[in-house]
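One chain, subunit A, links the two complexes that follow: it is found with subunit B in the first and with subunit C in the second.
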Partner chain A sequence: MTTPLLDVRDLTVTINRDGRPITALDKVSFSVNPGEVLGVVGESGAGKSITGAAIIDLLVPPLKRTGGTISLNGDRLDQLSPKEMRRVRGGKIGFIFQDPMTSLNPVITIGRQLCDAIETHLRLGGNETKRRALDWIARVGLPNPDVQFKRYPHQLSGGMRQRIVIALALCANPSLVIADEPTTALDVSVQAHILQLMRDLHRESEVSMMLITHDLGVIAKMADRVAVLYAGRVAEISPVAELFANPSHPYTRGLIRATPMPTADGGVQLDQIPGAMPGLGAVPPGCAFNPRCSRAQSDCRSVVPPLVTQESSAFSCFHPLERDVA
Partner chain B sequence: MTSQTPFLVLDHVSKVYRRNQSLIERIRKMEEGGTKAVSDVSLVISEGETVGLVGESGCGKSTLARLVSGLMAPTQGDIVFRKDPAGKTPRLQMIFQDPYSSLNGRWTIEDIIAEPIKVHRLRRGRAAIRARVDELLVQVGLSPTDAEKYPQEFSGGQRQRISIARALAGEPQFLILDEPTSALDVSVQAQILNLLRDLQKNLGLTSLFITHNLSVVRIMADRIGVMYLGELVEEASAEQLFRKPKHPYTRLLIDAAPNMDTSDRSLHPIAGELPNPAFPPAGCRFHTRCPFAQDVCRTAAPPRKATPEGGMFRCHFDLDLSKEVKTPPLAKVKTA
Partner chain C sequence: MLNYVASRVVQTAFVLLVISFIAFLLVANIGDPLAALLSADATVTERAELVARLGLDQPLLARFLHFLGNLLQGDFGLSYRTQDPVSQLILERMPATIELAFVSLLITIAVGVPAGIYCGVNPNSYFGRFIMLISTAGITLPNFVVGLLLIAVFSVQLGLLPSFGRGDVVQIGFWSTGLLSVSGWRAILLPAATLSTFQVAFIIRMLRTQLMEVGQSEHIRFARARGLSEARIWYVYAIKNTLLPVITMLGLQLGNIIAFSVVTENVFAWPGLGSLFLQSIQAADIPVIAIYLIFVGVVFMVINLVVELLYPVVDARVLRRQS
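Showing the complex of A and B:
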């Protein structure tokens, strides 16, 4: 087995509400192997973005990390001082945010922003820094890098801005990129461009990636392994083909069946999951999914199912779906 | 499908958003510029039919919804509803995208749902109105005890159910749904789509369903119109549109959305970026991104061609697009 690049164990994040701690992430464990794309999928409120933010210590108070370990290449990120953490952010770990409108500084040219990021982390000196910045503008597919270098974010379209955000995340040669809903704010045709770009850059640089999204279509095309989150807990982690063909957790299957997708015979399937995901602090005892689950039994209502590893996948369910073993 | 007198006819409808002219421009009587958000759209909706409109942002689909609902007047063209024997136009209601901003947070659910009933005088007396509100709440999958609550006590999916109940309270013959599930999560979206489908079936509503999601529109609509930069580029039955699209944009749009097939992981981006709708390209508006574009596309706007199946498309060529279109994987990006 390869040593994972990023290893997250029992990550717990709580939020303080009226002096009472409420669990937002409950002992989330997963790992990202070198060169791998780990998809993180779930509905809003499942804790996908909190997981991403917790890894690079960008949680917004009152959210607070209260337990667990995070190690990158063997270094414990959770024990770093804020100053040391600044060198990790943007240096060892790049971050692509959802909204390209707000994640760039509107009053600084994109060339300057790229140069700043490169200079801070790589310390190459003026000319080399600028050369790299121009190189990155070209690599993410913007024409006339010299012209783009002097432009401000508002002069670019949404898709072009997201390309710059990607360049910013990758320009310091990080070993891991966390992409939080990188294409959600974009149109379908632009989304495919950005995904293609991320895939090309991933192949060139062999950077590991954590791709956070709610779109199962994006997961199917981009991820090598997938972690499904539900109400702040990991429901299932599986290789992507297995997840779609043979999901173990009932929630995973529910999510796949609820996504309107044309089936092979031209019809469209649409099975809903009853109810809604419990909000913060309203997680039922036992398995968080039990009120919506058709397979729930008495043990599901009282005991939280642990994450059980079985061959290449792991799931937290007492009554997993049977595999169609060929 | 029913095909008597059409329920709603859009006849060469255009809408231009003008900017305010400066004093000097007005004195000099300079040409009034503007963005043509909807350009020469003709569409017929029959009774009991659901017509879907798809397109990317800026294609004019929401503007068209506002024109149909009468919230805005078209710059050119006519929108004609069939009048009932008494000479009245049919009642119309709208369901909006964002269930957080489309419900008044200071009103109880009862107030919200009762308002259309009171405005249209559909029930008389407090007890009758309250009974109708309860009935509607049950119809959309909520409970009558929810009537005393306020919108912020509900989740996004439940709020959208309230929006639907409010729309149904006006007993509309025609319903406009503008991205009703775009703000919702998948599992909740499936609930709302199933609810809407049941209501369509049971109430025999005629509706216009606007979305950017092709899979959603395929489930919901009988016929689908595809819009690009203000123009209706193709219109066909849902079946026909997905099986045998006639316009290259439709084909590329279908391929661009990633599906859940993990064996074929290729992506299908559409070359280039959406041009600025204020300055659409000359000739065919799609020619800057079209893999089939030839010289004629750059100069002449394609005519409106009818298909034998009753649809229409705007393309110079009669292409066979029933298969996936192979585009070069890394197409050049054009500056906006």
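Showing the complex of A and C:
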């Protein structure tokens, strides 16, 4: 058993709506091991982005972390002062934002933004800082680093900007990077390149990664293990091969079947789960998935199923799917 | 960049041409040079001669070109009221107005920019709210009320500062400056403060709104996610995004102050262009009014041009929007 790099236990985030607290994340637990890519998957609105933001205390009010523990290498992040948290952000945990069109400062050059990030965490002196910045521009695959260094974000294409966003997240050598839908805002043709880049950088630097996406295709390409989120709760956490082959939670299976995938006979199989995920504050009693679940029984409608660990995976379901024995 | 500069300069020239034409129409249609220049018992031949000499029998366009030609040679015509060249009247009064405008711009920048930044960075602090409260007063109170209040307090009650005039002026070439004497500075403080009240309040509100908006943006969130210090985030990353509108506003305000300080100059008996304009209106002195209009147009357009030429320096995206 390796000690995890990031360990999140019972993370709870609430939102105060007209004085009434509404739970957005309900006791979410997972961990990321050193060198591992943990995929976090779920429908839009499942709470993936909130999970990522909560780890580095970047929640936008009225969202507020109200419970749980977050440890990085054994240090409790949830107890840090704002100043200590600033050292973690960027320095120990990098964050890749979704939309490269809005996440770069439009009036500051690429080079300056990189140098500022490097300078903040690694005290290197001007020349070395600049050398590193140029080095990172090259590492994320942009030609002519000297030219790019002086350019403004609007002079780059979306794909190039996302490469810079990645460089910004990684340039201070964090041990973990959280990527929130890093390819969702990009053209399909660019998506594959960015994923390839992230895979290469991950292999080179052995940085651990928490890859947030709604796209199981991205998960299949990138992740070692997968956490499935549903309505602010963890439905299932499994190694990626096992998740696709033998999902335990009915929602996981539904999610896989709802993803267009070529079948053995060459056709495309697509099966939507009936109904929709409950929104904030509308989560039914018991298992959040029970109204959409064909296996739901009376216990599912009254008691929230706890996350139980079984061998390498964990799931929160009273009536899990049987495992095919291969 | 060259394209950008050229297109701005051409635009400016075109607008100035239009303004000159309007001013020309004013002189041509409202003013009656014959009545002003002919004696009451002039004969019909004398009258016809004058008409020919002034070119009044020419078509409108030809007369406009003539008017424009005179303007470019510095011949602005004669004042009906004083019979002096209009150019001389304007030159005499201009330094007072321009010095007043610049001192009030200085006050605006020195007070408005720091206060606006403070309110934008700490919108919910008590001091921030207090500043906003005061600035509401600054926005709503009319200029002359502010002027009278300042006079009542600083001149009448406390007797600290004079309530009228420019103090001692020093002549440097054609320029008479009040900024080289203590009495000049004492005299300029109240009118300059009066003029800047609105501007200060305006800049504070604008900076605050801009900064609060930028503070919510994704790129600032990303800057936080990189662990940059709050000081760098606000004073470099956020502020740079607000420079464009702030420079625009300051420029336009400077134009406003120079052009429309009429009321304030009147309250403080400030011997500037505003007072000249009022006197000319009272005397229906059309040539002076027309030239004043052109002057205001030139001031606005030139400031506007300078501001627009500054844009690409502040934000390179401007050039791209052009093409």
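One rule holds in what follows: the second predicted complex is superposed on the first by the 326 of 326 C-alpha atoms of A that agree within 3 Å, B and C clash if a C-alpha of one lies under 4 Å from a C-alpha of the other, contacts with A are read in each partner's own complex, and residues count from 1 in each chain.
By definition in this document, a contact is a pair of C-beta atoms (placed from the backbone, for glycine too) under 8 Å apart; a residue touches a chain by one contact, two chains touch by 3 or more.
All values reported here derive from a predicted model rather than from experimental measurement.
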Clash or fit, subunit B versus subunit C on superposed subunit A: fit
Which of subunit B and subunit C A:G91 touches, first, second, both or neither: second
When both partners are placed on the shared chain, which of subunit B and subunit C touches more of subunit A: B
Contacts of A:V40 with subunit B and subunit C, given as first, second, both or neither: neither
Which superposed partner A:A235 touches (first subunit B, second subunit C, both, neither): neither
Which superposed partner A:A117 touches (first subunit B, second subunit C, both, neither): second
Which of subunit B and subunit C A:L58 touches, first, second, both or neither: second
Touched partner set for A:H214, first subunit B, second subunit C, both or neither: first
Touching partner for A:L72 - first (subunit B), second (subunit C), both, neither: neither
Overlay on chain A, subunit C to subunit B nearest C-alpha distance, Å: 10
Overlapping contact positions on subunit A, where the subunit C interface meets the subunit B interface: none
Footprint of subunit A on subunit B - complex, ascending: 56-57, 155, 157-158, 185-191, 193-194, 212-216, 218-219, 239, 242-243, 252-253, 256-263, 265, 267-270, 273-274, 289, 329-330, 332-336
In the complex, subunit C residues that touch subunit A: 217-229, 232, 236-237, 240-241, 243, 314-317, 320
Subunit A residues touching subunit B - in the complex, by the definition given at the top: 43-44, 141-144, 156-157, 159-160, 187-193, 195-196, 199-200, 214-218, 220-222, 240-241, 244-245, 254-256, 258-262, 266, 268, 270-274, 276-277, 279
Contacting residues of subunit A [partner subunit C, same complex]: 56, 58, 60, 86-91, 94-95, 97, 99, 102-108, 116-117, 120-121, 152, 154-155, 165, 168-169, 172
